[in-house]
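Right after this note come the structures.
Look at the two complexes coming up: subunit A is in both, with subunit B in one and subunit C in the other.
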Partner chain A sequence: MSQPVLEVRDLKVEFVSPRADRPPLQTLRGVSLDIAAGEILGLVGESGAGKSLTGAAVLGLLAGGGRISGGEIRFSGQRIDRLPEAEIRVLRGSRIGAVFQDPMTALDPLMTVGEQLVETIRTHRRLSRRQARDHAASLLDSVGVPAAARRLSQYPHQFSGGMRQRVVLALAMAGEPDLLIADEPTTALDVSVQAQVLALFRELCDARGTAVMLVTHDMGVVAEICDRVGVMYAGRIVEIGSVDDVLERPAHPYTEGLLRSIPALDAPREPRLWQIPGAMPRPAAVPEGCAYHPRCPRAQEICRRGNTPLLGVSMRDVACHFPNRSWSSTVSIGRSSAAEARP
Partner chain B sequence: MIMFILRRCLQAALVLAAVSFVSFAVFRYVGDPVSQMVGVDATAEQREQIRHDLGLDQPFYAQFGRFVAGAVQGNFGLSLKQGRPVGELMRERVPATLELSFVSGALAVLVGVPLGVVSAIWRRSWLARAAMALSLLGISLPTFFIGVVLILVFGVEAGWLPSFGRGETVALGNGWSTGLLTLDGWRHLLLPAITLALFQLALIIRLVRGEMLEVLRSDFIHFARARGLSSFSIYFRHALRNALVPVVTIIGLQLGSIIAFALVTETVFQWPGMGLLFAQAVAFADVPVMAAYLCLIALVFVTINLAVDLLYLLIDPRVRSKI
Partner chain C sequence: MTVEPQDPGPGSMLVVEGLSKSFQQGTPLFRRLAGKAPIVHAVDDVSLTIARGETLALVGESGCGKSTFARTVMGLERPSAGIIRFDSQPLAPSVSDRPAKLRRSMQMIFQDPYTSLNGRWRVRDIVAEPIREGQGDLSQSAINEQVGELLVKVGLSQDDLAKYPHQFSGGQRQRIAIARAIATAPAFLVCDEPTSALDVSVQAQILNLMCELREQSEGLTSLFISHNLAAVRHFADRVGVMYLGRLVEVAPAQELFEAPQHPYTQMLLAAVPGKRRGQGKAGIQGELPNPLAPPTGCAFNPRCPLAVDRCRSERPVLAASRLKPARSVACHVATVSSV
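What follows is the complex of A and B.
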């Protein structure tokens, strides 16, 4: 495989407390992942696991006292985790695009969609106003906004949620980025619109070879459009591999638990929905050893101490001393059944 | 759109009618003007005669009717104290008050908005700290006290600026005069304008800062950063414009209250405006002057409100599409 577009190695992020007497909060505790051109990597996990934070760190947009305290981020081979703000800003929007969760609030309400597109295009490319406007229309057209040229002069509130997310995507694609960070891009949308927007992601990614980091908590979304998936827990990736391997044949007990807690349509109704016992630890109280051991049915003495490295097991990487190896012999049952299992 | 404007105009007219009624009714009870007009040795017949001449012996509704009929033609009757038409007295005083108010308002906006923006963006800078300290003073100190201190420091101790009256004015014809065309006029205007502006300035700094901080936390600013826009564009094209939407309302309303509260400043600096006229009229129970002043202030408020509503249409496309 050629060089990945994005390489993240042992990334650590901490938040400095405004009070000097408190130690900084470790929120990412060593995240490693690669994304190749044209590939969609899903990042899943509970709220607070560090999915969005990983995306923000790559964009250099850590807010509220967050800072990268270790590891490195390489974009097309170049280290970007220590770039000064002026240089990372040039990358942002031109070579690394971003799409956020809520399209209703992501656009400036006082500016027409066209003005916002033109402004973004002209930030990254030397084009005249007229050329930029033509380009804006073709961008809107490419994300499937009908009557694009006319809608340029409309304001965000005149667009529906799905259309706004398309506009956001057009803005993110304005600089023709090599990497797109999409943070819960469909969570705020109706289910029917979700499918359309997801299909659009897949389409753009295939057509332009854009690498996508898709942060989500929806396994259905992952099964539908991702190539690979990383499962995060308490600031680390606990399992990462192809969607088929991880969703069909999970090796980490947390991934198993996560998948088991999704109610299936065709399964018999249980009196209570199954859930993983306990809750994910807060960043200030991550236990020693494997962070998942207090909730893990397979935890042994070794899990309570030391580091649990990500190791290759059955075609994927797993951070577990007792991964489920029973899959090694089973035959792939295909991707479709995972898609059916979503809520 | 036209319906919207017509509707607002109708509402404005109703407000004016209500204010004129209340002001007229209330001033019936502030005192008896007749006893102020005649000497202590006037006989009961003389008093009755004056009362009759002024129409004060007629029933309330008849007096009010006469007042309204005159007011819509700009005729507010005769001042009981000076015996001159109230309209004429007002016309002499209005330029002074408007000049003071607009210079104060401009000062508050031109200094307040930039300081508010700076203290939101560079929250820890010395300028931001200084602006916040200044605004705390402006909010908490009463206007008359600020005026007296300024007079003491710059007028009495340093002797740099005059502290009394309006100075040299230039007549513009039609009863209008301005002090803005002479150096002396500006020297006289400076202290009262600062005094009157300080509270509004403090308010605007805090308001703009608060709104800016709010907007800077919003999703679309975060997304604008992710689009790679420059800080300048994020702060001034996106954040400031959005922050100014509510600020415009407040500034508009405050401009009205500047004109109204000019009364205190005018009294402290003996500024020959409407406020001073009103203060003197109250002491004399000069009902026509008081009523005319209140109606005029109400007119100013209503006009400014209307202007703010229309300005809203201009700056916020969401409002535009709703009407």
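What follows is the complex of A and C.
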């Protein structure tokens, strides 16, 4: 198996409090994941689960007193979590691209789209202005902006929301990155525009073999374009595996509950939606043991203490002492025989 | 619901006829200098009826006019044209001209529970305000008792009375907003994207709460504004689809989702991301046109896979289907095929 483009191992992030007498807030509590070339990994979870933070840590963009307090991040085999700012800057934008939720914050309103693309291209490649402009036009064209050459001389406000996000995608792709971190890239877009931008992501990723980390709260988006998905809860990945396995046959009680609580467009209408009691704990008040146990219908004594490791169950990794195994009646691929032997 | 939605008589709670709301762009100075300011027709000649006890949802993408419609009905915006009747009585255009009794019977829940609650007020005062209005003679203890009961009803506790909004999560704040909206036992409730700012597990809790309240208060009529089609399918009895200020399709919820007739409704449903893995997405193209310069004829024609010449010149009217009078669609092509 070829080496993953991105390897994250037991990544921990904490936020230092401005007040010296308070301990740092543990916001990521050991996140591990791999992304292979050409693969789209979705990271889903509710607000505060740590999905955006994982992306920001990989990009070296932790702000507001956040710092990596443990674990490691490898990009193409090379550790990048301790690189000096100057070196991570070079990586970012050339080999690691980023797309965020609001396209307007990623674009300079005072520069034409062409100037911004040319600047980005020339930062990473030795091209003349003219060559860079031609390349910019072909980039815009590749993200589906009509009349690309003419629109280079327009400003961001002259583009619609969907077209702006395409421009941002073109900017992120300008350095031909091996890894793209996309944080809620279609959340600000209308559903018909979202469908088009998602299709574009998939196309670009397939054509260039780009590895993508797609941070989203929308299970539909995951089902639509991701290959694999990691479900996050209170600073940890609780379940990670192929989209089919995790979304069709969830094993972690949180994944099960989350999926059941989403109203469906094609299932029979029930008088009530499935509902998970309570809310996700804040970083300062994450309970001992499995963070989900106070809300979990299957929780037992063992869930209240110690660490719940991610173990292989039914073709995916699950951090749960009592995963749903009803899917595994025919196939059983546990990494740990101890985990399989438990009731 | 028990009453047929077509009945324009006592069965109708809200009757809207030819409602329009347009906004002028630009400052007064600009208008003076230019002589004429561009006009956005946010809501353009919309007529619909909501039966007593019915939940009607308005769906559509941002800028389609669904929120402006709701705000105009509530009197938060003055209509440019059209008549709104509530319980057979014509409504004054502005909420401040409506009698207190009427205002008490029409309430609203807003999208963002972080901005719709006054952060300097205690929960007790936020929920008590609509109770106090028009009933100045109620004692403090009577009000406190009512507010406490309301909080319990929406899943909070009596202990929360003295707290401030910032002490609650987003879902809990939306519960406070709901308690405030139902404090006067309204007959009509407008919910403008009530779960859009919430996480999915919290969305389920709030939608369930709203279902419960609807069942408890028999005959509660509501207008539910949302861009979340799955939530609408779960919650609404009837659905209206808006595009660029106009209603393009109205149908009972189940029928709309099973067999959408307007090409825009079909595109909207196909665009919802999910299990289909890119299937059936080929027809999704373009974006909402500039509302300052809407296309002639049917506003959807530049994006429509079925558009013919007539669609570019003649604006289709919303007409009831001959076979299914509960359904109506504004489309030259769909109308022909369904008759």
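Side notes on the structure shown:
The rule is short, and it goes like this: the second predicted complex is superposed on the first by the 320 of 343 C-alpha atoms of A that agree within 3 Å, B and C clash if a C-alpha of one lies under 4 Å from a C-alpha of the other, contacts with A are read in each partner's own complex, and residues count from 1 in each chain.
The rule is simple: contacts are C-beta pairs under 8 Å (C-beta built on N, C-alpha and C of every residue); 3 or more make two chains touch, one makes a residue touch a chain.
Predicted model only: the values in this text are computed from it and were never measured.
Clash-free side-by-side placement of subunit B and subunit C is the outcome of superposition onto subunit A.
Of the two partner chains, subunit B is the only one touched by A:157; subunit C is not. When the two structures are aligned on the shared chain, A:119 is found in touch with subunit B, with no touch to subunit C. Once chain A of one complex is fitted onto chain A of the other, the partner contacts of A:147 are absent, as it touches neither subunit B nor subunit C.
In the overlay built on the shared chain, the residue A:274 is in contact with subunit C alone; subunit B does not reach it. After overlaying the two complexes on the shared chain, residue contacts for A:168 are found with subunit B alone; subunit C is out of touch. Contact with subunit B, but none with subunit C, is seen for A:111 once the two complexes are overlaid on the shared chain.
When the two structures are aligned on their common chain, the gap between the nearest CA atoms of subunit B and subunit C comes to 6 Å. Of all the residues in subunit C, the ones that touch subunit A in their complex are 61-62, 169, 171, 199-205, 207-208, 211, 227-231, 233-234, 254, 257, 267-278, 281, 284-288. By the touch criterion given at the top, residues 218-220, 222-230, 233, 237-238, 241-242, 245, 315-318, 321 of subunit B touch subunit A in their complex. Subunit A contributes residues 46-47, 160-163, 190-196, 198-199, 202, 217-221, 223-225, 257-258, 261-266, 269, 271-276, 279-280 to its touches with subunit C in the complex. Every residue of subunit A that touches subunit B in the complex is listed here, in rising order: 59, 61, 63, 89-94, 97-98, 100, 102, 105-112, 119-120, 123-124, 155, 157-158, 168, 171-172, 174-175, 181.
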